[in-house]
Every structure is written in structure tokens, then in C-alpha cells.
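A, B, C and D label the chains in the order they appear, each numbered from 1.
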Amino acid sequence: MKLPRFLHNWITRHAQVALNSLGRLYRAPSASLMTAAVIAIALALPSGLYLLTGNLQRLSTQWDGSANLSLFLHRSVTLKQAGALQNKLAKMPEIDSVQLITPEQALAEFRALSGFGEVLDVLDENPLPAVIAVKPDQDHSNADAAAALLEKLRSFPEVELAQLDLQWVRRFNAIVDIVRRSIWVMGALLGLAVLLIVGNTIRLEIQSRREEIEITKLIGATNGFIRRPFLYSGLWYGLAGAILADVLVEIAFLQLYNPVRRLAGLYQSNFSLHTLSFTDTLSLLATGAALGLLGAWLAVGRHLAAIEPT
Amino acid sequence: MKLPRFLHNWITRHAQVALNSLGRLYRAPSASLMTAAVIAIALALPSGLYLLTGNLQRLSTQWDGSANLSLFLHRSVTLKQAGALQNKLAKMPEIDSVQLITPEQALAEFRALSGFGEVLDVLDENPLPAVIAVKPDQDHSNADAAAALLEKLRSFPEVELAQLDLQWVRRFNAIVDIVRRSIWVMGALLGLAVLLIVGNTIRLEIQSRREEIEITKLIGATNGFIRRPFLYSGLWYGLAGAILADVLVEIAFLQLYNPVRRLAGLYQSNFSLHTLSFTDTLSLLATGAALGLLGAWLAVGRHLAAIEPT
Amino acid sequence: MIRFDNVYKRYPGGRDALQGVSFHLHAGAMAFLTGHSGAGKSTLLKLVALLEHATRGQLFLDGENLSQTSRRGIPYVRRKIGMIFQNYRLLFDRTVFDNVALPLVIAGYRHQDIGRRVRAALDKVGLLDRERALPITLSGGEQQRVGIARAVVNKPPLLLADEPTGNLDPELSRDIMHLFEQFNQVGVSVLIASHDLDLIATLPYTQLQLHHGRLVKSATGTDT
Amino acid sequence: MIRFDNVYKRYPGGRDALQGVSFHLHAGAMAFLTGHSGAGKSTLLKLVALLEHATRGQLFLDGENLSQTSRRGIPYVRRKIGMIFQNYRLLFDRTVFDNVALPLVIAGYRHQDIGRRVRAALDKVGLLDRERALPITLSGGEQQRVGIARAVVNKPPLLLADEPTGNLDPELSRDIMHLFEQFNQVGVSVLIASHDLDLIATLPYTQLQLHHGRLVKSATGTDT
């Protein structure tokens, strides 16, 4: 394929500028690294937060924070009858899933949660009833629909008491609310920080190359010609910062991996932290490059026009 | 008091340079604000984290994560006998405090924690024993001493079963471990970031004032004379950043204040977030100024020597 | 090539640098611009290169009315002009070669052409052996000659020189003036601001003399 | 005041700028330094101001052996010298007043003294009315004169001038030379590098002529 001459020239020129500005960064490695490191830290923190919320969400689906109904059965109901009820419920369209908790399982869970441990062994008989945990489907998870479902289930003769776990839902929502607000505050700050850092770096770079800009304007350079290397610098800074950020996030999550495993172990969960996926990494790099370019663009737009040769 | 002439000159000169460099920042307000904002964000995040851990610690002393002993009494023990045992234990030197939990209280607590709620009302009789919660004093809180104490308490005739709440201690420690590691990772990154940002800003500023530095060296300026305005710039940047960071942290915690109150309410706690105290604010300002000065010092040391007039 | 029509230039601050200047430098002509320090010589050259804008009056370059040039058009006007600055204005972090190559790079010349043309220009000012040097390692006169090479490298139709021999010894000054004459002979219009009255007196070109911003002696250029 | 004893200067890259230069400029004497572009004039002046270090040989300023000056001592040597640079080297973001005041500020003069001295120096170069201007708004010759005012403002015992009249018209050049003579008459030693052979020829001072780094004509200065 033969490119038109105009396009060929255009590509050659851009490639040259891109390489030149990369070379300029490479020739001052410690300075460039410092700038990239600052950008990396600013990028790593929101990425880390993003990962944390991702993991939190996975955790919350394991915990299942949506509305749950508990049906406490009469103590006279046999296990067989309970199993039959379970099957009947499972076929109802409003219900997503049901789980039967036998009195023995309920006691074991209580033992684990309360810390009363062996002391319960001294009880003469198991005082707990069998329980069926009911999870409504998506459409019946809101407060009203769940309450209507509750009314319906309450009418089954085996059920002594039906209860909606609103307390737990409220608690979980309160926690999620706090986390969401923290992330919103930090994320906004850090997004701003990336733009400021890149913009500031490019601004100071423009300032320190003021003489060069004036001289090239003097001998007939267009604004586009002058802008180009700065935009590429911004791009490279952002990209380098993103690569470093990726490394930082991986290191940080490696630090957390084992403690989280241990904690999950204590709760009999096999939950483990997920780190950045391939697509995550790609979007981090793209975000870094885009922010770098945008920051450079803003700085160049504001500060390049102010430099006129005299 | 009359200052010696030498000292008087010295002070005048420093005051002049300090004001001059402040004036220089003031004359380029948007640029200075940008730099200060970047520093502020970097300072605000560790300050916010510091506050969070402070609050977490307050919370943990409320929860009391140290080793606890639970004494489950025989069901035949009357409330009066239990009260007498409580008083006897409270007088033991190894023990910090004791709390009697009657079967009724234990049932209520179980009800609240388990979510079984009203279903327990259908029980014929309360199956739970009375419990005495024992908190060892500081010296007997470690695993060995607590185990020895446990052996001793087990021998009381009223006690059916004595149990050390190690599970809860392990869980709490695992959580604390995760939080500590996260903070360590983030704190290290952000501390580095502040130094890098100030250092980078001063480096680029030195670069853009290279001509000025060369010329002043040409006409006989000492290194100290040239260094001074940059050090003051660093100081001002750090200080301005710290002031902004203070504002940011206050705003962020204001965002969190109400959700946390609400959450604490759900747990019947009157816990509320503490924000930066007066001393905290002072140390934030001092830290900002010190980091600014240090960053400037490092940058000036590395880059000023490289500029020699020709 | 250049026509001034009753041009005034007042700088912000109220200083009148040019007052009622009118003259016409024909295409292919060569002329000197003289006058005391602060007379307005550099200002006149800056108006032509659109580094400053006239306060009143009209000026034309190559038939184009410069007061009507848009911002986007300015770079293309400057590319028609080879300008030599009183204070050289070299890039101190680039080699002599890269400095001289700059106008060609800006104009988008091809790599091979650039090398050939740059070396030809450096040869003309006697600095071919210094192409890899940084300007900071050159003597004052050598820097001035790099500036001259940069101005002529892309063979512009107009050469503007502001004190091009201020830092050259008499012999080299004569050589450089001779170089300008050579360019003039192949059709380039040349306008040179200079203090070197002795040297100018030996050459047969028009003199435009400024005195406190007014043209006190002017004549249409005559080609040799 | 200045004594060179078989001084060699080779720049990194292998260029020999000075070769076996010996001369003695007595305290209170005035002399000119001449030679072609690239002969080594600026290099010689830079060695005196410790902007460069001699490769071989010894040089003395005011009796002090400059090859033994420590890094910390360099600024104090420079304060003894009023130096005028070929390329002015003014601070473009400070006013003319602040530029001229700089050596006094560095030396720690008091506020009141500074104002008085700066105005006296600006008056001598005819720029008293421009003290609030920024250097960028001055003509080339005016900038050169600001540089001269800065060099003389703290009355140093030695004046080094590198091409101080390169951008001045002949009349102003004579005035500035006359100013140097006045300084010389009150005891200041003066060494001026210049291409203006015609002007120098009219003045009765020693000439040190350099040719490719070697001193080809030298005589001990004689006071007028």
C-alpha cells in the first residue's frame, strides 16, 4: 500500500517529534522519572481504590446484602415436612432461592457467631427451630414487594414466624454509603491531582523553554509546530506514570493479599483479592496517556499563546 | 533591646528574601495555586488516613479488643449468688473489671446479634445461663497470663465453663493488620509524593530561572545568596499546601460525619468522627512547611551546583 | 519588496520609536539603515517581520498589506524573511547544525536536503568545522555567524540584518558584507541596520538614516 | 593588577584558546585587547573572572594566585571585578534599576545607599530616565549601557569589558570610552576587548593583540 505523499510526510513528521520528545525525556532520566513518579502515585491511588471497591462488591455479593426473608417453622414440623415446604417455595416465581437451616445447623451457626462455644453443649435439648431462608428475585427485593411476599409466606401453616432482615440491609447500606462517599471524595481529589500535576509540569517546562519557543516563532514556526512536542511530552509522562502506577498497585495488593486470605480464612470464606486484570491494565494505561495529553493540552493552550517573540 | 548590627542585617536580609519570594508567588497566582493544590492533595490524603486510624483506635478501645474471659455459670446458680461471685472477682488484683450478664440479658443480646428476633419469645424457658465477663488488667492480658487466670477461675464451684475469647482477638488483629498495612503502603507513597512534588517544582523553577542564577553568580553572588529564595519558595509552597490540605480534610470529614453517625446509631453507639484538633492542624502546617523546605533543599543541592556561568 | 507608508510606532509606555516613516525598497535592492542608539532601527525591522505592529500607517511586504495579516498568517510571512538578530537568538541546547537547520525543519524539508543546505550555509560563514559544537562553546563572533547562516539557509527572498557585524573584526565584517552582496546579486532583497559607518561608506548602496524615529535621509535603492 | 605567567587554556574538545600568554597589567593601568574573531579575547577575560580555569600556567589578580582560589572564594574574587559582557547578560524580568542594583544587593549594601549609587551609575550612561523600564523594552545599545552601569555601580578596583561598544554608534562609543578613561583616572584598572581598531588607534593605551591564542604584541601599560 502506497500512502499519499502528504500523509506520508505527516506521519514521518509526527513520528519524529514523538521520538524527539521521548529522547528529550530519556536524556534527563532522573528529572523525567521524578515527574512520572509523581503522576504514578496520583494514578495508583484511584486505581487501588477502584480495585478495592471491585473486591468489596464481590464480597458483598457473597454476603448477599439484598433483602432476605427468614421463615421460622413450628418446632412440631418434621425435617421431611420442612423439606417439602422448601421444594414448594423454590417453585414460586417471586423467589430466587431458598435454603433450609435445620435446628442443628442453626445451633452450630449460633455457636460460631456468638462465641458461646462449648457452653451450648450443656443444654438439655436444642431450643432452636428450623429456619428457611428465602431470597426473593430481583423484582421482589425492594421493601414493598418483599413485605407483600412476607405476608403471603406467613400464611403457610408450617410457619410460626416470618421475618424480614431489614436490620442487616440497613447496616450494609450504611457501610456502603460511607465507602462510596470516601471513594467519591478521594477519587475526585486524585483525578484533579493528575490533571494538575501534568499541567503544572508542562507549564513549568514551557516556562523553562520559553527562549526556544520565542526563537522558533521568530523564524516562522506555526503554533501547531510548537505545540506538538509538548503534547507528546504530556503523553509520554502520562503513559510512563501509568506504567509505574500499575507496578505500584501490584506491589500494594501483594502486600495485602496474605492478610486478607488469613482474615477470610477465619470467616470460613475462600474470598481472595483480585488484582488488575488485563483490561484493567489497558484502561489504566489509556487513562494515564489521555490525562497526560489533556493536561498538556490545557497547559499549552493557556501558556503558549502568552509567549510572543519581541 | 538593641540587636547587634550583624544580626540585624541578617534578619533584615532574610525577611526581604522571604517577602520577595512570597511576592513572586503572589504575582503568578494561578501557577502558585496549582502547585500548592498538588501539594495539598498529597498532604490531605495521609492526614485523612491519620485521622481515620485515630478514629479507628478510639472505636477499638470502645470495642475493647484485648483478651476477655467468659465464665458460664451453672444454671442452678441464683442471681444473688452470681452477684456475690462478681464482687469477689472484682476484688482480685489480676482483674480489671467484671460484668454480670443475666440469662435475660444474654437472650436479648443473642436476639439482637443473631437476627432471630421475636422467634425466641416462643421458647418455653430461657435456655441460656448467666455469664460473667472478666477483663484482666494490662499485665494479665497476654495469652499466657490470661490462660493461667482462666485455670484459676475455672476452679470456682459456681462456674460450669470458663472460656477465653481468643477467636474474637484473632479476628480483630487480622483486621487491624490489614488496615495497618494499607496505611503503611499509602502513607509511604504519599510521603514520597510530597517530597517529589516539591522537589520537582523547585527543580523546574531552577531550570526556568537558570539565566538568572548564572548572571547572579557572574557578578559575585555566593551559593547561599542564590539558594535562599528557592528555599523560601519551597517553604511557602509547603505551607500553602498544608493550609489547603487542612481545608480539604475538614471538608472530606464533614462529608463523612453524618453517615458515620447514622451507622453508629444502628449499633446503639454514640461514636462520632473526630476531626483535626488544634495540635493536629499545627503539626500538619509544620509538616507541610518542613517537607517543602526539605524538598527545596534537596532540589537546590542537586541542581544549583550544576549551573555554572560561562 | 518593502514599502512603508507614513508609519508610526508608539510603544506601550508612550515612547515614539518611529514617526511618519515612508520609503520603498524595491525587490532585489540592497540598503543600509543607520542612526544613533535608540533611533528606531531595530523597531523598523521588527515591523517588517511582524514582531511588532505599526500604530499608524501602512506597510507592505512583497505586495501584501501587513496590517491585514491574520494571526495564522504570521508564520508564513516570517518564512519569507531571513532575519539576523542583534542578540543572535540561538538555541543554546542544540548544536550549531541543529540551529541552522531549524528554518528547514519548520518548513518541512526532507532529511537529505537539510544536511546539504545546512553545510552549504555553514561553509559560507566559515564554520563548517564547528557543526557539532554547542553555541555556548563559540566565541561571540562565531555565534553571530551561526545566526547569519541560519538566516540564509532557506534562501529567503528578503534578508533583514540587525547589526550583523557588531561583534566581528574589521576584516571579517568586510567578508560578511561581501556575502550579503553575493546574495543580493542572485536577487535577494537585503536591508541591513548597522553602526559601522566607515564600512558602509565604502559600499555603493542606499542609506536610510533614522534620527529619533524620523527618516532624515532616504533614496530609492539602486542595484549595483 | 593582573599578571599572566605562561598561561594555556584548552577547552574540552581540544580547542586551544590561549597558548603561552604572559603579560602584566599594573594596578591603575588601562589597556586594550584586540584580535580576530575567535582569537581568545573573551577566554582571557573569563580566566581573570574565574569563569574558566587555566589549563597550565599561573595567573594573579591583585597579588592573589587565582589557581589556588577555593570554590567558596570565587564569589569574592568576582566582586572585585566589574565585568561587561559581550552579550549583556541582563535579567529580563527585572527593571533597569534592579539590574544595576544587583551587585549592591549581593554585597549587602543598605537600601538608601543602593538608590543613590544606582542613579549615579545610570546617569553616567545616559539612561537615568529609563530606570523603571524592563530591559526588553530597550534598544540594543541601551541594553549594552545598562550592562556598563551594572559593572561600575559598586566601584570595583578592576573593570573588564568585552566588546562594550559593539552595538553603539561611533559617537556613543567615544563617550563610553571616555567614561572608562574617567574611571581609570580615579585609579581603577581597565582592560577592554574590542574590535573597534579605528577608535582604539586614537587612544594612547597599551594594546595586547591576540592571534590564534598567542600574544603577538604586548607592552606594559603606561598611565597617561
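In this text, a residue touches a chain if its C-beta (ideal position, glycine included) is under 8 Å from a C-beta of that chain, and two chains touch if they have at least 3 such contacts.
Fair warning: this is a prediction, and the values are worked out from it, not measured in the lab.
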Via touching chains, chain B connects to chain C in a minimum step count of 2
By Cα centroid distance, the chain farthest from chain C is B
Here the gap between chain C and chain D, centre to centre from mean Cα coordinates and rounded to Å, is 29
Chain-centre distance (mean CA atoms) for chain B and chain D, in whole Å, is 61
Chain centres from averaged Cα atoms put chain A and chain D apart, in whole Å, by 66
Note: chain D residues in touch with at least two other chains are none
Each of the following residues of chain B touches two or more other chains, namely 310
Among line, ring, star, complete and other, the chain touch graph is ring
Contacting chain pairs, sorted by label, are A-B, A-C, B-D, C-D
Interface with chain C, chain A side, in the complex: residues 9, 13, 211-212, 214-223, 225, 309-310
Given the complex, residues on chain C that touch chain D span 11, 13, 15, 35-38, 41-42, 86-88, 133, 137, 139-142, 145, 162-163, 166-172, 195, 197-198
Chain B contacts chain A in the complex at 31, 34-35, 37-38, 41-42, 44-45, 48, 70, 72, 110, 113-119, 122-123, 127, 129, 160-161, 163, 165, 167-168, 170-171, 174-175, 177-178, 181-182, 184-186, 189-190, 192-193, 196-197, 199-201, 203-205, 207-208, 210, 248, 251-252, 255-256, 259-260, 262-263, 266-267
In the complex, the residues of chain C that touch chain A are 46, 49, 51-52, 72, 75-79, 81, 83, 85, 89-93, 102-103, 106-108, 150
